[in-house]
Amino acid sequence: MNHQKLQLADLARLVQGEYAGQADLCLRGLASLEKATSQDLAFVNADKYLEQAAQSQAGALIVTAELKEQLRSKHNFIIVANPYLAFAILTHVFEKKHTNRGIESTAQIHPSAIIADSAYIGHYVVIGENCVVGENTIIQSHVQIDNQVEIGNDCFIDAHVTLTGETKIGNRVRIHANSVIGSEGFGFAPYQGKWHRIAQLGSVRIADDVRIGSNCSIDRGALDDTILEQGVIIDNLVQIAHNVKIGANTAIAAKCGIAGSTTIGKNCILAGACGVSGHLDIVDNVTLTGMSMVTNNITEAGTYSSGMGLLPNQQWKRTVVRLRQLADVPLTQLVKRLDHMQSQIESIESTFKLRK
Amino acid sequence: MNHQKLQLADLARLVQGEYAGQADLCLRGLASLEKATSQDLAFVNADKYLEQAAQSQAGALIVTAELKEQLRSKHNFIIVANPYLAFAILTHVFEKKHTNRGIESTAQIHPSAIIADSAYIGHYVVIGENCVVGENTIIQSHVQIDNQVEIGNDCFIDAHVTLTGETKIGNRVRIHANSVIGSEGFGFAPYQGKWHRIAQLGSVRIADDVRIGSNCSIDRGALDDTILEQGVIIDNLVQIAHNVKIGANTAIAAKCGIAGSTTIGKNCILAGACGVSGHLDIVDNVTLTGMSMVTNNITEAGTYSSGMGLLPNQQWKRTVVRLRQLADVPLTQLVKRLDHMQSQIESIESTFKLRK
Amino acid sequence: MNHQKLQLADLARLVQGEYAGQADLCLRGLASLEKATSQDLAFVNADKYLEQAAQSQAGALIVTAELKEQLRSKHNFIIVANPYLAFAILTHVFEKKHTNRGIESTAQIHPSAIIADSAYIGHYVVIGENCVVGENTIIQSHVQIDNQVEIGNDCFIDAHVTLTGETKIGNRVRIHANSVIGSEGFGFAPYQGKWHRIAQLGSVRIADDVRIGSNCSIDRGALDDTILEQGVIIDNLVQIAHNVKIGANTAIAAKCGIAGSTTIGKNCILAGACGVSGHLDIVDNVTLTGMSMVTNNITEAGTYSSGMGLLPNQQWKRTVVRLRQLADVPLTQLVKRLDHMQSQIESIESTFKLRK
């Protein structure tokens, strides 16, 4: 946590909000309602947090006007329409910034590479032929930038990232530690019982404002390129195979895997550990809940799910036994047969009564 | 395998056991019953391995007194209450130790960092401002230790690990190669169709005796810290999101993912590839079998499972068809209706008989 | 993409095919039917691509004799029995090759290590005691090769790979960036509520022609070795635990995990994100579809599957409710009871009619 101090009125102005209380109240940082001290700012995003907010030691609270009305015991506020967005903006104020500029003496940079003066190139970075690193871009220690890779302005590439396959990266792209972009796609031609490697000749194109987590693998295309459109955000340990295309502003949570040549639309959300087969199309505005398994095209926007959820182990064992029987039980017929037999019985009963 | 030689009586003493046979028998190493030679020590842990033990070429066997009685053809033993534990202890005797001490000339260490004299700092390690590395801690090649990271005594940090986000690490912690600790959590505020990054201001706190495998991602907290309590053990390729808290002595197998702000209790066991949603609480002493999917709190200790298991592909296809019908089949009613119709039929039959 | 130019007749000869059209047509590269220009070669592998082929701008097409007959509007062809294989072969012609040889001045190599003259050792590579690197092997930047590791001829080891645990690697092996081979297996003996680490004394043996993707973890054995047989191909983010054995020519797609001591046969195919429990045996020629969950031995060759597939979220919620009831519904009895009741009803009805 940073120890920069800012005043309540200034912070309110930064988020285009209003303040209530002591304008010159000094705040040291942001904190959760639970952990905040009198020097911290916290946020309240919904009625359900009101009790926690009332008990919080926070020096000031980011709230809506409505929430403020319900927090009479508190005195210092920043009042905005969207407290969560205001909080998101203020995290950048309190974040420690990388202020290093220039090239560390231990970096190995090919003479043909073009590095902007305002960029930072960390220790033991290796940059190959014809690479480009843009203005204000920060390359942390041990990054490997292979030949022909180009990186735009204002990017952040963390330690041990491998950029290869002639990857082209836009502006304001963040790639976290130990991810691999542009590695060889998994392409093999089976012939006479062996796998014959298909050299991968495509590349990876990453548009502006893309975010990639740590330990991700994003492969270069076989012939055409693998593409991440503008504003795509990707969490950790995600696999993006060759020739995948991810539409703008789609969010992919940790441990998802997208197999080769699949296209995912814009504004989709994939929760954690989803698997998507290859050569599929998923339209815009699709949400997949966690661990979803996609084996067919998705042609309509909406929310989709897989998985049986969690069961106590003994019940699960019995359920699995039933599932193994299910293939041979004509479920939809069962109900029809029951209905039919019910009417037979009723018919018998009514005839019976008539005869009495 | 090491080529250090130790005598049977000495090895027995190291595990507080007794030996039987030739006290000065020289043993070169540990091996499986199948692969052991006359210079190797092997262990027998249960009756089911007795036949394999009888046929083993091992020079000596670690056994219980009961197992020894059933191995009359063998002569050299170490007799203990818990052979598997004795084996675990003896692996440390035969393990090759890192004996390097000091700082390699190629390491880049910020002047403000404090490195214990007995530590080892490998080639091309980069250590930032105000970092601390404790006594006897080994840092292998290419590790990146970002500003304000602190590491205790007797730790082992393998090659290409990235430690960032002001992570604080206790004593006797082992982190295997290419893992990333303290990277930015996946926090974004959606606003007007775009994702607005929330700078992550929390850290990671790792207690004593924690073990983390290779290629893991453990993110720093958004505001509060991500916490691994004492004795937690984690396998490879595991995702621990921001603000997760893992209780003491919990074991997490490979490829698990724990989403943000979830708390897992003490002494839990997560088998491979489990997924746990965010903002959940799991109590102490919960076991999850492999590939479990947790989307709700778990409030009672016990074993839980998910998944349908494996089916031959043709049966699986028919099963999936049935599963798609299942939502519209009132399963519990079916049995009730059957019971009801049965009684109707019996009533008709009995009336029928009366009238005969 | 490479800018080397080759003539149609030469390319046909390289794949033991025949050409039709302009023998000296210069081709710059391979491309997909969709993106190809008049300077590119594309391939047609099946009737379903004929329309796309007819509309392609490709300068020449790789086809079978039968496909050629259906592409009358086109003039330049390479005619072969297996166009996909010919394409695979030609990717190597157009691939950019690593031509570097020798040892970069920044590499740290222990004096006892043996490095072939024709090998390339990149910047900041660290090589320990008694290591061997064979002829024409390329080691990219920042690779860590720990003591006693041996690598054969014609291998490619990409940046940030960690090779440890005395791993032995054959010829023509490719390991992509940031993978970890030979790290410590996840072995712990539980005792008195704590986990006691079992030092891992086995190694990893990788045979000829194995391919490992990026961000993989392949652990050293506990006592015996972890083994990948000849021609195994592995995609990204795959976990291979200690003492696993993978048979020759088996293919493992991204995000699979194989738990400890499991043996997988030859010529198997594991699609993405499969999980295989520990201590299992899977015979040769088994195919697992994506996200399969294997908890028992597989004793017969064939294709196996798991998972319920994807459902619209509302249907999925109802399905999960039914699944939770399934354990207590005697599915196979239901049909029998229905049949029995049907015959009762029919018996009543027929008796009834008789009496009319």
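For reference, chains read A, B and C in written order, and residue numbers begin at 1 within each chain.
Methods note: a residue touches a chain if its C-beta (ideal position, glycine included) is under 8 Å from a C-beta of that chain, and two chains touch if they have at least 3 such contacts.
This is a predicted model, so every value here is computed, not measured.
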Query: Which is it for copies chain A and chain C: same residues on both faces, with over half shared, or different residues?
result: different
Query: By how many degrees does chain B turn when fitted onto chain C using C-alpha atoms, rounded in steps of 5?
result: 120
- line: CA centroids of chain A and chain C: separation to the nearest Å works out as 25
Query: Hey, what residues on chain B touch two or more of the other chains?
result: 124, 142, 160, 178, 215, 237, 255, 307-309, 311, 316, 323, 326, 328-329, 334, 338, 341, 345, 348
Message: Which residues of chain B touch chain C once you look at their complex with the stated criterion?
response: 1-2, 29-32, 34-35, 82, 84-85, 87-89, 91-92, 94-96, 104, 106, 122-124, 140-142, 158-160, 174, 176-178, 209, 211, 213-215, 231, 233, 235-237, 249, 251, 253-255, 267, 271-273, 290-291, 307-313, 316-317, 320, 323-324, 326-329, 331-332, 334-335, 338, 341-342, 345, 348-349, 352
Interfacial residue positions of chain A with respect to chain C in the complex: 108, 124, 126, 142, 144, 146-147, 160, 162, 164, 178-180, 183-184, 186-189, 191, 193-201, 215-217, 219, 222-224, 237, 239, 241, 255, 257, 259, 275, 277, 287-289, 292-296, 298, 302-309, 311, 315-316, 318-319, 322-323, 325-326, 328-330, 334, 337-338, 341, 344-345, 348, 351
